[in-house]
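Both complexes shown next keep subunit A, but they swap its partner, so subunit B is in the first and subunit C is in the second.
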Partner chain A sequence: MNRGLVGASLLALVLVIIGVVAAYFGTRYQLRLVYSAYVNLLVVLGLQVFMGNARVTNLSHSAFMGIGAYAAAICVTPQNIKAISLPDAPWGLNTFALDPVTSALIAIAVTGLIAFLVGIVIVRLSGIGATIVSLAVLVIIHSLFLYRTDIFKGNQAFFGIPQVFSLTSVVILAVIVVFATRLFRESRWGIALRASADDEVGASTMGVNIYRLRLIAWVMSGVLLAIAGIAYAYYLGTISARPFYFNHVFLTLAMLILGGMRTITGAVLGCFLISFGLEWVRWLETGPLLLGIDLPEALGLSGIALGAVIVLTMALRPGGIMGEREIEDFILKS
Partner chain B sequence: MLERRGHNGPAFRFSKEMLSVDNLEVFHGPIKAVHGISFKIDAGQCVALLGPNGAGKTSTISAITGIARATGQVLFEGSDISKTPVEARIQRGISVSPEGRRVFANLTVEENLRLGSAASDSNTKTSIAEFFDTFPILGERRHQSAGTLSGGEQQMLAIARALIAKPRILLLDEPSLGLAPKIVGQIFSLIGDLKAKGITILLVEQNAAQALRLSDYVYFLNNGRIAAEGTAESLGKSDTLMAELTGIS
Partner chain C sequence: MEYLAQQMMNAFAFGAEYALLALGLAIVFSIMGLVNFAHGEMIAVGGYSMVAMAALSLGNPMIVIGFALLAAVVASVTLERVAFRPVRYADPTTGLLTAFGVSIILQNLFLLLVSPRPIAVTSLYFLEWSIPIGMVSISSLQLFEALTTIIVIVALMLFLRQTSLGLAMRAAALDFEMVRLTGIRANRVFAMAFMISGMLAGIACIFIMARRGSVDPHLGFDPVLKAFVACVVGGFGSLPGAVLGGFLLGVVEVAMLVLLPQSLGGMTDAFVFGIIALVLVWRPNGILAARAEKGDKQ
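This part shows the complex of A and B:
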């Protein structure tokens, strides 16, 4: 029995159950919250593919999500809307409109290509060097989003994107991505990549081409982040540069760190714990009446909570809640 | 069951040159660790490279696998692999159990073996199942992280991982290093079994007594040069050399 498939199936079941419960019992607001949790799950899984397997910290993931979202938005938004919102767009970007599937495929290809070009540099670095370069990539891409207003509209809303996605679409996507990332983790490439994270020289002695494998994982990560961006844009119908920057980097990083970056189960667990936990913290921020006590308003509590999650996890349990364990390890005998 | 990867029919014994190294110089940055050594191993032979710490034994292994920067010629089954990348050398059938074992601590025992089998064209699953018959202790711990194994078990895993690719030649770098005497006995008995099965072995060791017992031919390295060579029998008779090798005078 393939333990990876068993684990991915169990996680898929959990994802479907959360989706069904939200669809049947959730309010409009809660549905939006659950949808955003699933989009963030796609991001965290995309982050896990590279960071969890190669164990090289990446801080540029939200930028790649943004590239996917904007590329799809530019392709799919109707021409008459783009004529108004992007009147000065170069290269005839406002003179055409494609169907959502073609637009998504183009967005994935564009993000994959940019990820490949950035990856050529990133994969040759490790430790602090790779992290700093990824941070620089985040800043460069965000600056382009902000200041090339003729293409991206900066902090203004890029509107008119057809809202072709529903909660069902993102649950299906999340299930597919859970299987893809889990099977990658268990594949020869995934094992070799994790081995290289343990011991680079030892892995080279086994004939592992570390740079090539890291590049494959980096590009795969970019593609998954593009998919997350597309899912985000296709549901909301409106995007702007702000959601693809530091706050989002920090949020999704905290999710991966809390659950445990080395496993897919950790990524899923961390994502949902923080998505729903943060909602509870936001409620506390408003100064509610709790057990007869009138709590004071505490603006900024969510930021503190998120930071505390990272600090406490790194200090007390650096491997995250799951460590090396996947969901099936609790059921199948070792 | 631990047959060698056979592209050319039945195993040759002591007839065909498997590996030959000519005028090999190995560098670690600006430092030359090995100064133009030459040696050869025939198919089915167990050849030992003995010598004290810093003699250049591990550097020689690193040059054969392609990890270290080296000059000179390395011929494998007649073809020059001096410029061949590491990955291709492993795929051609050179397998190494590195010094210090270097099992991947965060991977499970089974994942370590799957990584080892990546160079093999054979059916991995069957191979791993077969390996667990040969190494039952590893079978029992197949889903356990390799870092939780004892030193002896980790060494067995390192050897098993090198063997699973069904190599043409097995390079064993200090397999007895840091192990309890009882476990050392078990590891050498395992190496003896592999030799009996016709597997070509290059054994790098400091444990001269055990290595001499197993090897057909021995090269003694000192300060990056071959200081002596001969059959285990002839070297074993040299009191001076034995004193130098074993540290017992």
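This part shows the complex of A and C:
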């Protein structure tokens, strides 16, 4: 537990330093980039809680992020804007507006409840079954976003969300979530869950209630993903269904895998490596002039890079860069 | 009555397509424990090979079909050699994520090298006409699809039961070490599994292309997702389970298409997956899963 606090504090320090450096030296565009890296960090940490501890691959996380973002957006957007953007909304959804904090709490509760209901099915399945069903969940939720255009506006922009978040707020949020996930990992539940991932039969003979622990981790993951969604919506002010689908799923999955899904340090490392590395690939994608050679435009290059990251990590270092090591292991003696 | 017969034929044809794909997934999974997310890309490879044929103005349907099958088989076997060999004996999660990455790479390669937009393929339209049987008229394509699936299942069964390589593959699904000790080459068993899997994807590709008439980088995603769900419901790794799951999914999907009001048209898949999830609450390991106790040596 104490090591956990030390490790989380070190990571928090790193996060604050990156945030401060970006705030002082970054251009407007770079600030946006750093902000989205922090939002993705929240997603990756949320993903790590379930995937890293229970070691069951989850592919539905972006959908839960979307639920959080939309729920908060529907609550917080002022009535006069909703009257324009959601004229046909059912259940009087366009007749009220709440303050950002209440909206966020409602969004977290709604996402947590949905995660709980989905989790009841997911946690009972074996590893691979759970992964496939989570993929089906992603497709179901996405088709709901697209189908109920009267509530979610589908692929069109849901606009007018008050932009109450800044880089400072997301850095603070990230620090809190790093502590929460790290302490969960080192807690009784976290240890029991990791033990059950190593040896299911062994852990259950020692009295570990695997289904219950997985459900707890799953719901906690859902709540963290909702927070990430809210942070996304409160900064951009505009959301649509597209960012909560497949591309975002494999972007964040690649981040977690590259860093190493078993540790919080791995999640943080992978997130920042890919966030900044991908920017370079995106620059290549536009067909720049490199060493005097005019490169052609290459759409899809970033996808290939992400896929290659996943494949190469799995082939060369299945545990990711960090493996089982956390950041404090480099400093403290074991 | 006519309507009922028509819908039953639809359900059978849908189910046949899912069963073909699910079999391809299950045969690879049963032998090496790999959840092959890149299976859908084999369908797309077949589809793009038809585009290539059209570009070379080779219109002969036999050549087009033969080449599409060949392309899917070659792609499948190549993937086994290049991408899946390093994770051959790794745990299922590692294999699953590798296949997921391979699938993303291939989709983006199509996007980069061919086109992000759908490309029309008209060379297979001749397969579709309607056959009047008594009061009912049946689509020839659906009939072909159902017949082909039955032939494929029987052929696969004969192969697995009557030939020594087939026997080796069935044994490999139970205890791969033992098979290697008897002197059968592991590489050959894996290559065969991927060859069959690619062949099944190629066959499914022909029917999908004949129905859709166009190919895009994400062609394989929807059908393979259904096939995955079929595998999970049937019991992952069980071949009869894959076939059962495929047909079950076909029936549920057509039932949803018929029963749901028009206004819920966009939500068919959501309802299908929802119903399937209920089956999984009843039987978390799938309907035909082997009753292995956890902790038994596989």
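Observations, loosely collected:
By definition in this document, the second predicted complex is superposed on the first by the 326 of 334 C-alpha atoms of A that agree within 3 Å, B and C clash if a C-alpha of one lies under 4 Å from a C-alpha of the other, contacts with A are read in each partner's own complex, and residues count from 1 in each chain.
By our rule, contacts are C-beta pairs under 8 Å (C-beta built on N, C-alpha and C of every residue); 3 or more make two chains touch, one makes a residue touch a chain.
In this text the structure is predicted, and so the values were computed from the model without any measurement.
Of the two partners subunit B and subunit C, it is C that touches the larger number of subunit A residues. Within the superposed three-chain model, A:13 lies out of touch with both subunit B and subunit C [touch as defined at top]. Of the two partner chains placed around the shared chain by superposition, subunit C is the only one that A:315 touches, whereas subunit B remains out of contact.
Contacts of A:131 after superposition on the shared chain: subunit C is touched, whereas subunit B is not. Using the contact criterion defined above for the overlaid structures, shared-chain residue A:201 touches subunit B and also reaches subunit C. Using the contact criterion defined above for the overlaid structures, shared-chain residue A:109 touches neither subunit B nor subunit C, since it reaches no partner. By the document's definition of touching, neither partner reaches A:84: not subunit B, not subunit C.
In the overlay built on the shared chain, the residue A:140 is in contact with subunit C alone; subunit B does not reach it. Overlap of the subunit B and subunit C interfaces on subunit A comprises residues 201. Remark: subunit C residues 35, 83, 86-87, 90, 92-98, 100-109, 111-112, 116, 225, 228-229, 231-232, 236, 264, 266-267, 269-270, 273-274, 276-277, 280-281, 284-286, 294-295 touch subunit A in the complex. Against subunit B, in their complex, subunit A makes its touches with residues 3, 188, 191-192, 194-195, 197-199, 201-209, 262, 324, 329, 334. Residue ranges of subunit B in contact with subunit A, taken from their complex: 65, 67, 86-87, 89-91, 96, 98, 102, 104-107, 111-112, 114-116, 118-119, 143-145, 161. Residues 55-57, 120-121, 124-129, 131-133, 135-137, 139-140, 143-144, 146-147, 200-201, 250, 253-254, 257, 298-304, 306-311, 314-316, 318 of subunit A are the ones touching subunit C in the complex.
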